[in-house]
Amino acid sequence: MELLVLLLVPFAGGLVLALWGHRSLAPELNSGISLLTFLASAALTARIIADGPLLVWDQMFFVDSFNVFLVALTAFVSFTTTLFSRPYMRIELQKGKLTPGRLRLYHSMYQMFTFAMLVVLLTNSVGILWVAMEAATLTTVLLISLYRTPASLEAAWKYFILCGVGLAQALFGTILLYFAAEKVLGAGGTALLWTHLYEVKGQLEPTVLALSFVFLLVGYGTKVGLVPLHNWLPDAHAEGPTPISAVLSGLLLNVALYSIIRAKVLVDGALGSHFAGNLMMGFGLLSVVVAAFLLPRQKDIKRLFAYSSIEHMGLMTFAFGMGGPVASFAGMLHMTVHSLTKSAIFFAVGHAAQKSGTQIMADIRGLIDSNPTIGWGLMLGSLAILGMPPFGVFTSEFMLLTATMHEQPWATPFLLVALGVSFAAIFGKVQPMVFGVATLQRLPHRPALLPVFVHLGIVLLLGLYIPPYLAVWYRQAAQLVG
Amino acid sequence: MNVASGIVFQILQSVLVLLIAPLMVGWVNQCRAWLQNKSGPGIWQPYKVLNKLFHKDAVLAHNASPLFWATPYILFGSMWLAGGIVPVLATSLPFAPAADVIALVGLFAFARVFIALAGMDVGTSFGTLGARREMMIGFLAEPAMLMTLFTASLISQSTSLVTIVETLGHGDLVIYPSMAFAAAGFVMVLLAENGRIPIDNPSTHLELTMIHEAMILEYSARHLALVEWAASLKLTAYVTIGIAIFVPWGIAQAGDWAGIPVALAALALKLTIAGAGLALLEALSAKMRIFRAPEFLGTAFMLATLGMLVHFLLET
Amino acid sequence: MNLPLHAQIINLCAALLLLLAFAMLTQRRIRSLINLFSAQGLVLVISTLTVAYATHQTHLYYSALLTLVLKVMLLPWIMHRLIRKLNVRWDVESVLNIPATLLIGIVLVIFAFNLAAPISQFSDTIAKSTLGIATACIFLAFLMMITRRKAISQVIGFLAMENGLFFAATSATYGMPMVVELGIALDVLVGTLIFGVFFFHIREKFESLDIHHLEKLKER
């Protein structure tokens, strides 16, 4: 029941907004739909925690404590993002960067995008997962190119082609997976269901499965933004509307990583080795290091935080690749806090860029004078993402480092150096933006900064104290991930 | 097998090839004329030209070396030999052990060296130019040719044309996808090696891009007749090699007199179709710039290589 | 080596697919490229029908029909229309010269065959040996996307890659479950429509469909 509402609301919302998305109250309607989705996800979460895993509708949808946690996170962040986008998009409309027709497209596609991500998370079928992932790509292409500037068209084209190719690889991986599974489970729908696959993972053909994982990793890894497949990511973040940057970083990357983790659990189970985990660790570590060293060269603020997203996705990929209770727990926690923090940062960055009329960091100065809330939001957000102690990111990174020193000591120096470099780069760039001499203009609408502080508050809370039920829940999920 | 009847068959086939070669060229030209909505000179025209040339007095350049006048005979001889050893009518001829595809390619290369040298011998600029181009085409065409033949020989596990014919022609009908690739590559090599249209134009002396005609500009009378006859023999030899590899049905065993009428009829039919097809290809395509020739022959080589790969993938 | 006739037909189709993939790689004109693409779709339909007939898999008839409607008729028609409307009939430019592209293509084919060899060992379908060709088609389409500069030919490369994937699915496993195939078809269709809309925007902004205009965003 909750599941039906959860999937139906954003889908129907997308259709409704396709008709009325340009009316004056559409942003509020958008928020309302997302709120409903969030409530449904909360109800679903409560039920899963109470009753355990759920398998419904001809076994096509499957909910366990691992994906329900991502579902709740996705629904929550997409809800707060609509709150942020309400004034943000109105300002853009007033500045003439958008037309009402495009705003309608934006609202409709936003809901469709949420819907596609939820399907990816909830579906039990590897094939449907692919279809939904492609759908999410198509909707985000339209969202990134929303401004129709040459740069945004280029970013969207690059995103389309790279992710299209990536997804084609993932489809090949899916075909190979089906090929291996069909031998054991017989032809037909059941051979692509995660639940069935997990049951027979010992009998699947290891060679085929290993190859299939390589293709899946490359394919979905393109969407996670793993180096060297990350080229689309900074462009898409910088050229699309800021709410989209927030959900791309905060949600889509997580969702793509989710698919990889599911496949990793299956493949490592079947191979009885650590092949998939090792591959993920390699890609993850490479992403962390490369992204960290690209950070100091950035001039555009949204590109800066896009690279920071690559770095953090690398950290998570590394954590999940390493596996084990501590690392998986850390990865899960990091997913949560990174989503919240990064979207909060993008909210603050969006308003800061609107105030100064540019995304170039050298031209944004003195946020603290002209608008203390934006200034503090950006400062605290940056401190949080850099892993300063009271925040949740610190906790998860600390746990990850501890686990690394235990399991893979050789990787620790790489991680430490990368974290140090990114700290210096981001802090050095954000500090003058916040505390310099003001050069800013007034905004025609009151910026929505509540989401920023709500997110940061939760992150702070998670850093100081993880509620016991949450810890149990994470631990359960970490067990599923292995 | 009776040695005597084998020899009779060999002689019969060699004479037949010698006689039908000009007819083949005449037929191709006639078809081309029809396709271009012209009435055409008739299929016997090449014989009339040969007859005319043999009755003229030969003129040699005063600085021509013996190589120059010896070349037409060498050319004619090697082409006739090639036509004789390809199993046109029957397999297991006395020459059959020589009917190895590598040997055949070698024979063509041998003839090519002589005509290129002869083209440069008198020292005219056209001759040198043609010779250089001929060597370039040959250098590109030979590997492609070898690859197509290897693909065919992979199926029968032998590079001997006779074995290939016997495996393919007398076995069950099996579709070999690799042969489709090899056939396409072979046709492209055939067009290039015989100076047909996308690479060279056989019916003009006027283009600066000519290849074969540029080398033989200095020849006259009986020398020219022999060169022309050799060219038609070469075309026939290539077509019959193609027939032997790709459509070998109907070729008789040596000594099997009863198979002869069938073999003759089959040969006539296949040559007619091949000639018409060749004319059609030429009518449909435009001549390429000489610098596109590597692309053309590169494609032929690629097709042959693909055929080989496909063979390993699908047919083993 | 005496395969049943339908297996021979499938093998022949596979070989033709490979040939068409190479032809697309070397084709310079956009219109012929679209025709080659639809020919590839047709060969795919024939091979799918043969597999369906030989193995009595009814759902393959539907996917063959889907392919016929979508890839042989609808998508080429859309693209021809687009080209008429956009007035792009100029030649396709190739980044590499053609012999070099062909050589790289052959290397890719060898790589693909080797990659697929261990997998097709485990297969028991009648078309198992064609998996290597399907993989090769995917790689060749990928190569085409890299070497082409025009937006439309990149899209055709993308669709050709999808063709290869579809062929891989039929040859290795008799096709994916129907729901998944419908979903994939829908995505491809919507994707092409969005591409089409994109062409107009790109041309409006850059007055050309040449991708090298889209190389401004770099690490600065």
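By letter and in written order, the chains are A, B and C; residue numbering begins at 1 in each of them.
The rule we apply is simple: a residue touches a chain if its C-beta (ideal position, glycine included) is under 8 Å from a C-beta of that chain, and two chains touch if they have at least 3 such contacts.
Keep in mind that what you see is a predicted model, and the values were worked out from it rather than measured.
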item: Steps needed, at minimum, to go from chain A to chain B via contacts; value: 2
item: From chain C, the most remote chain by mean C-alpha position; value: B
item: Pair of chains joined by the greatest number of C-beta pairs in contact; value: A-C
item: Rounded Å distance between chain A and chain B, as computed from the means of their C-alpha atoms; value: 66
item: Euclidean distance of C-alpha centroids - chain B vs chain C, Å; value: 37
item: Whole-Å gap between the CA centroids of chain A and chain C; value: 31
item: In chain B, residues with contacts to at least two other chains; value: none
item: Shared-contact residues (touching 2 or more other chains) in chain C; value: none
item: Complex contact set, residues of chain C against chain B; value: 1-3, 8-9, 11-12, 14-16, 18-19, 22, 26, 98-99, 102-103, 105-106, 109-110, 113, 129-130, 132-133
item: Chain C-touching residues of chain B, taken from the complex the two chains share; value: 172, 174-175, 177-178, 180-181, 184, 294-295, 298-299, 302-303, 305-306, 309-310, 312-316
item: Of chain C, residues touching chain A in the complex; value: 57, 115, 118-119, 122-123, 135, 138, 142, 145, 151, 154, 158, 161-162, 165, 168-169, 172-174, 176-177, 179-180, 183-184, 186-187, 190-191, 194-195, 198, 201-202, 205-206, 211, 213-217, 219-220
item: Sites on chain A touched by chain C in the complex; value: 125, 127-128, 130-131, 134-135, 138, 141-142, 145, 148-151, 153-158, 160-161, 164-165, 168, 171-172, 174-176, 178-180, 182-183, 187-189, 191-192, 205, 207-208, 211, 235, 238-239, 294, 297, 299
